[in-house]
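We call the chains A, B, C and D, going by the order they appear; numbering starts again at 1 in every chain.
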Amino acid sequence: MAEINRRTGGFGAWLLDPKRRGALLVTPAIVILFVMNIFPLLWSFGLSFFNYKASSLKVPTFRGLSNYERVLTDEKVWERFQTTAIIVGSSVILQLIIGFLLALMFAKAFPMRRIVLMLVLTPMMLSFVSVGVFFKLFYEPTFGIVSYLLSAFTEDRFVVLGSPAGAIAGIVIADAWMWSPFVMLLVLAGLVSVPKYLYEAAEIDRASSLRRFWTITFPYIKSLLLLAVLFRTIETFKLFDIVYIITEGGPGSSTETIAVYLYRTAFQFFKTSQSSALAYIVLFIVVVMTNLYLYAVNRRAEEVG
Amino acid sequence: MTIELKNLTKRFGDLTAVDTVNFDVGDGEVLCLLGPSGCGKTTTLRMIAGLEYATEGDVFLNSKRVNELAPRDRNVAMSFQFYALYPSLTVAENLAFPLYAEGLSSSEIEARVQKISDTLQLGGILKRTPGQLAEGEKQRVAVGRSIIRDPTCFLFDEPLSRLDVQLREEMRGEIKEVLQDLSRPTVIVTHDQLEALTMADRIAVMRDGRVEQVDTPHNVFQKPTNLFVAGFIGTPQMNLVPATLSELKGAGKAEFAVKGGQSMTIEVDPRIQELSVGTNVTLGVRPRNLEISQEKSQDGLSTTIDMVEPMGAETLIHLNDGHQDLRLVTDWRVSLSEGQQVNTSFPPGVTHVFTDDEKVLRTS
Amino acid sequence: MRTFISGLLGATTLAAGLTGAPILAQDITITMAAPDWPPTRFMKEYFDQTYKSPNGGTTTLDMDFIPWPSFYERVAASLTSGEQKYQMIVTDSQWLGAFVEGGYYLDLTDKINSDPELKAITQDLHPALVSAYSTYPHRTRAQLEAAGEVPAPGVNYYGFPQFPDTYVTYYREDIFCHEGEMADFKAKYGTNLPCSYEDWQDTDWAKWGQVGEFFQRKKGEMLAGEKLADDFYGIAFQAGKGYDFSTMQVNAFVWQNGGDIWDESKAPKAQAEGVVNSKAAVDAFDQYLSYLQYMPPVAQTGQMDIFVIQDLYMQGKVGAIIDWVGLGEPVLDPKSSTVHDKSAFGPAPGTRKGDGSIDRTGNIGGQPFVLTTWNSDAVVDEALNVVKWWLSPETQLEATKNGGQSGRMSVMADPSYNGLRPWNRAHVEMIDWQKDVWHIPEFFEMLTQQQEEFDKAITGQITAQEALDSVAEFQQELLEDGGYID
Amino acid sequence: MTKRYREIGKAGWSYTLITSLVGLIYFSPVLWIILTSFKTRTDALAVPPKLFFTPTLDNFASVFYRSSITTGTSQATDMALYFFNSIFIAGTSVGLALIVGTLAAYAFSRYPLRGNDTYLFIILTTRMMPPIVVIIPIFLMFRLSGLAGSYWGIILLYTAFNIPFSVWLVKSFFDELNPEIEDAARMDGASEGRVFFRFCIPQILAGLSATFVFGLILTWNEFLFALLLTGVETRTVPVAMARTLGGEVGVDYGLLAAIVTLFLLPIFFVTFLLQNQLLRGVTFGTVKK
């Protein structure tokens, strides 16, 4: 752009004159986003007010808010929201704990640190599908490793996915194993930013490790932990592959999350309008979370400033 | 309580930051580590504190070898160059922080905090956090956090370096007064010689990891043991004139020839006799000791005035004889102007003689 | 009728690839959507090797192989998007309703009536297959046979069999024919351990339970004269939550016990309430559940699908399983199976009737293939030539040699047929007993709800009665809304 | 013997021992997958799990070649093409998103428009969308516009996925640069373009590479849209992977493991190279220098 400006002089200069430059720089991004995202969003939002079924040729009729009303009064939906909340809650908490401990471990500089760090970062690079498939194999009572390792203690084979609680645990462990390193990265960035002389002062003041953590380390990573919570909650809310592959929502419907239910209504029952309505309710919840997320980011900026 | 360093050395790979340092600090004594940046003074301090461990040599606190001990086991109080105040705690909490380790009851802690905040006038800002304090206030809280304790010794790393001149003046007095009634050895690291001269009972001048001289402020000023200490201490800087001994005239008298042909006979330390004629030496004389004589005199050089720098009560005059420069400080009332011919004279007993190994010739 | 949905995310898709080039008089390209596995890969390879178009031009069969787990998504997405990419589609029999009413599958009734060769082929197809794979609205086999002529008047025909599939018994010949085990079994139960094919023809569910109980062996115990390195189980059949992995087996029990599912061929009169959860149906489902206790522990997870029991059998953990013929090949492959030389195949067990005979009614599997509605006449005619080529006896026999099956009664009756694959004899015997589950567009909703309820029963969260009551109630309401029950 | 006091923040080899033990335990599932890629099906499912086995390369071979049913000769599966597609599509889309995102970020940071924050918020919301919501409309849009099955279709879609992060991350880096440097450059007569390319960009190269790695990790395994919107020639590896999940046998663990192992190498290599930047990039630049 700059080169153009120099050569064309007139037109280029007009284009790049400060008042319009901001808008000009933003346009390519906005155009791609609009074409790819916003149009489909509006299309399906409109859809949620009709009773369109993708598989039938009947002309869709306007249904107003009845789709939303139907979804909100559907007791199955609330049951799925509850399951999703349990899975999201336990997974995020587990990710926080593991991520935090890993970050503490990596906070020190030690030989071969980069290699060990790579070992921990690899799970994030796998596809949800492959993690789901292999963890299901690990949990399998006959072939899996878990039951083999536990066979010393349990009289007969330990069936991880046999009970609703076990199934939820299976999903949470797989998801947490994959994404705890992300939380670790966030916390590690916080730990690395703590000035070293503060720790030296604490050593001089003979502070106990707990007091040292509470006074120096924690303030620096507090809002980063919050960022991790919000970010992982939003991503885990959309969790589909791991749940569908490991338990398919079973046993019964005890691990059927909103994403799985959304998939079924949209692509197995072809209730397109109803699934759009449900999807927008999910979107609304996610948008509320995004605001919390932004609020945390701003508070973080002031605090450290 | 005492601090003793025996052949203390610190190497970072093949760089020797501190090279066989030896000195002791008695109870209640204040010793300043003075030297240009990178001379190893802070590293030495950190080795006393235990934040760095010695490559060779030993640190004794209260005649107990502490090399292996972590800072927390040495019970030293240290204030840092950047104050190292805990950003999330208020001033009161910062002051109280070191006392938790001493197992005091909360009421005792409160009392101690109150006492320190009175002595350092922190009353108004006890509730604020470090982010809301001015430099001076931060500095006082940092000092307060050290002296509130009952440590084995006090260590200060450039306590005043971040203050403006006027505030520095004020704080120097305050700290000196506070340190007086604490019967603990204190080591202060600084690169500001004025700070060292005013606050220290003794000063250790350091260069490239070695201690050049440990002595009272007076002696370090008046009797520098080598060329470096002489040049480093005192502003404006001492005149250092390279010369060759041309004739010995008995007792302390001797004639020296300088670059450019002039020569002068001055009275120096009697040990000049030990030198043979023709050896090169460096003559050192403080600008305030150099005098102006009316007519050409035997014990000085004739020069012309290069530049005149009025400094308020005194005036600094830059002189030049075409080959070397001299600095002379006179009373402000003496009227002199550039280009004027001036004859200098080196009064007896003020000129130091440094041999070519930079050592001073002096009958101790 | 056994697409496997591993539930990879997916909705309508748009597989590009149809070149818009104008079709010359003679050269025709037929794009066919097909699941990616041996029976369809054979069809493509054999087509390239042997097919000669009767109209002289060169016909290319462009087969878009789609992995089984995402097959339904890709096909459903392609159809509902109006992409009109495929001329022929290998489809599941239950999708007929959804995609016929969607206006995507071509009604071939007139073509069959007007083409004697096609008519002859249709007459030679096993009536159970015609009923399940071709008719929509669905007509049962009995109704077709009652009509007396083929094609039956007033019935619409859509598909031809690409791969007929039934479930048979895979069993460990070395264990079931071991003297020691046979003697112990006879001593304990007074009946003999089913060793030969004929023994399995005489095996009912009671003996199936006994085999299950008899072969529960812990690691270290003896089995057929050898010390066991791992736990061993006698029996297993499908009890999974995915796709149709419990409905297929439960239907067999229900039909054999005199019960029934909602009968779409008698809509709108047939009811769901009272039929689906009749006493006969509930007892049948209880019987199904009762055998789970003898099966490998994975049954408790409610995810013991057709692939899990195949693996358990191939790794030598289970004595006998009831599984689709289509999954037979890997069992004979030494690289993937430890029992490739110790396996034999028999008919699936059934319910013993008053007269001592065994009722083996079961649910048909496999896939028909259909034509789509947006093809020019030239393409339709050429596609029908391909159908004739596929259903010709030579092709059918060659297919059966390579892991396929034939739907033609004459080919099945060929003396060499049973020898082509070790399970052919059992398959041919089972074909006669086949019925199919619903075909109406609401198929998926009914199946998913039923699978979820069955899964709760399998994992012991609810009883058989509660499960079937909730299925009946759901279907009654759904079918009344859809106008299938008045 | 008193504890040999270590300098704060540093640790020696004994510490490495502990951390590598924890690292290996965390890495063990991946290690198991890599091991499985060298196993036959029986070895993969063997009980007790086999650590020592005769490795076979069949799985890696069958990633690229498959024997025909009738003749047994091996035909090439176009997996090599799919690998190229994955690298090309992910690389181009993340790169494009970075370029476009950086320009927008510069505008948001240096020339804030009225309601700057609302634009940023809207951009971020598009990323927070559950993908299921937009499948059908995007699908129809692609069909109407002929983008279906083309490289450009899927690339533009992935670019749209990556723009929100690129804009957010890069804006935070620009915010942290102190504007005086740019003003100084302007004083010396540098044109806007020179200021941008010669002064701003070089200072945030670390952040840009972090954003690139971050985007790559998120795009590399995308399955849903790749399954639905890529044609036979433009298909990516995650879609081809689905073949191993069911067919005549259940999950072909060996083959899946082989594909996963091969598919892990490019992203592992890039992340290893840009590891330090990733640390900084991931915190949205909220950590002050």
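Criterion: contacts are C-beta pairs under 8 Å (C-beta built on N, C-alpha and C of every residue); 3 or more make two chains touch, one makes a residue touch a chain.
All values derive from a computational prediction rather than experimental measurement.
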| item | value |
| --- | --- |
| Per Cα centroids, the chain farthest from chain B | C |
| Two chains sharing the most C-beta contacts | A-D |
| For chain A paired with chain C, centre-to-centre distance based on mean C-alpha positions, whole Å | 39 |
| Geometric centre distance via CA averages, chain B-chain A, whole Å | 60 |
| For chain B, residues that touch 2 or more chains besides their own | 51, 70-71 |
| Set of chain D residues in contact with two or more other chains | 8, 45, 47, 131-132, 135-136, 140, 223, 242, 245, 251 |
| Touching two or more other chains - residue numbers and ranges from chain A | 54, 129, 142-143, 200, 203, 240-241, 263, 266 |
| For the chain A and chain B complex, residues of the former touching the latter | 195, 197-198, 200-208, 211, 215-216, 219 |
| Chain A contact footprint on chain D (complex, rising order) | 8-13, 15-16, 19-20, 22-24, 26-27, 29-30, 32-33, 36, 45, 47-49, 100-101, 103-104, 106-108, 110-113, 119, 121, 123-126, 128-138, 140-141, 156-157, 159-160, 163, 167, 191-194, 196-197, 217, 220-221, 223, 238, 241-242, 245, 251, 253, 256-257, 260, 263-264, 267-268, 271-272, 275, 278-280, 282-284, 286-288 |
| Of all residues in chain C, those that touch chain A in their complex | 6-12, 73, 76, 79-80, 98-99, 101-103, 230-231, 241-242, 296-298, 300-303, 308, 311-312, 315, 317, 441, 444-445, 448, 452, 455-456, 458-459, 461-462 |
| For the chain A and chain C complex, residues of the former touching the latter | 54-57, 129, 140-143, 147, 156-157, 159-164, 167, 240-241, 244-245, 247-254, 260, 263-264, 266-270 |
| Interfacial residue positions of chain A with respect to chain D in the complex | 1-3, 5-6, 16, 18, 21-26, 28-30, 32-33, 35-41, 43-44, 47, 54, 102, 105-131, 133-135, 137-138, 142-143, 145, 148, 177, 182, 185-186, 188-190, 192-193, 196, 199-200, 203, 223-224, 227, 234, 237-238, 240-241, 259, 262-263, 266, 272, 275-276, 279-280, 282-283, 286-287, 289-290, 294, 297, 300-301, 304-305 |
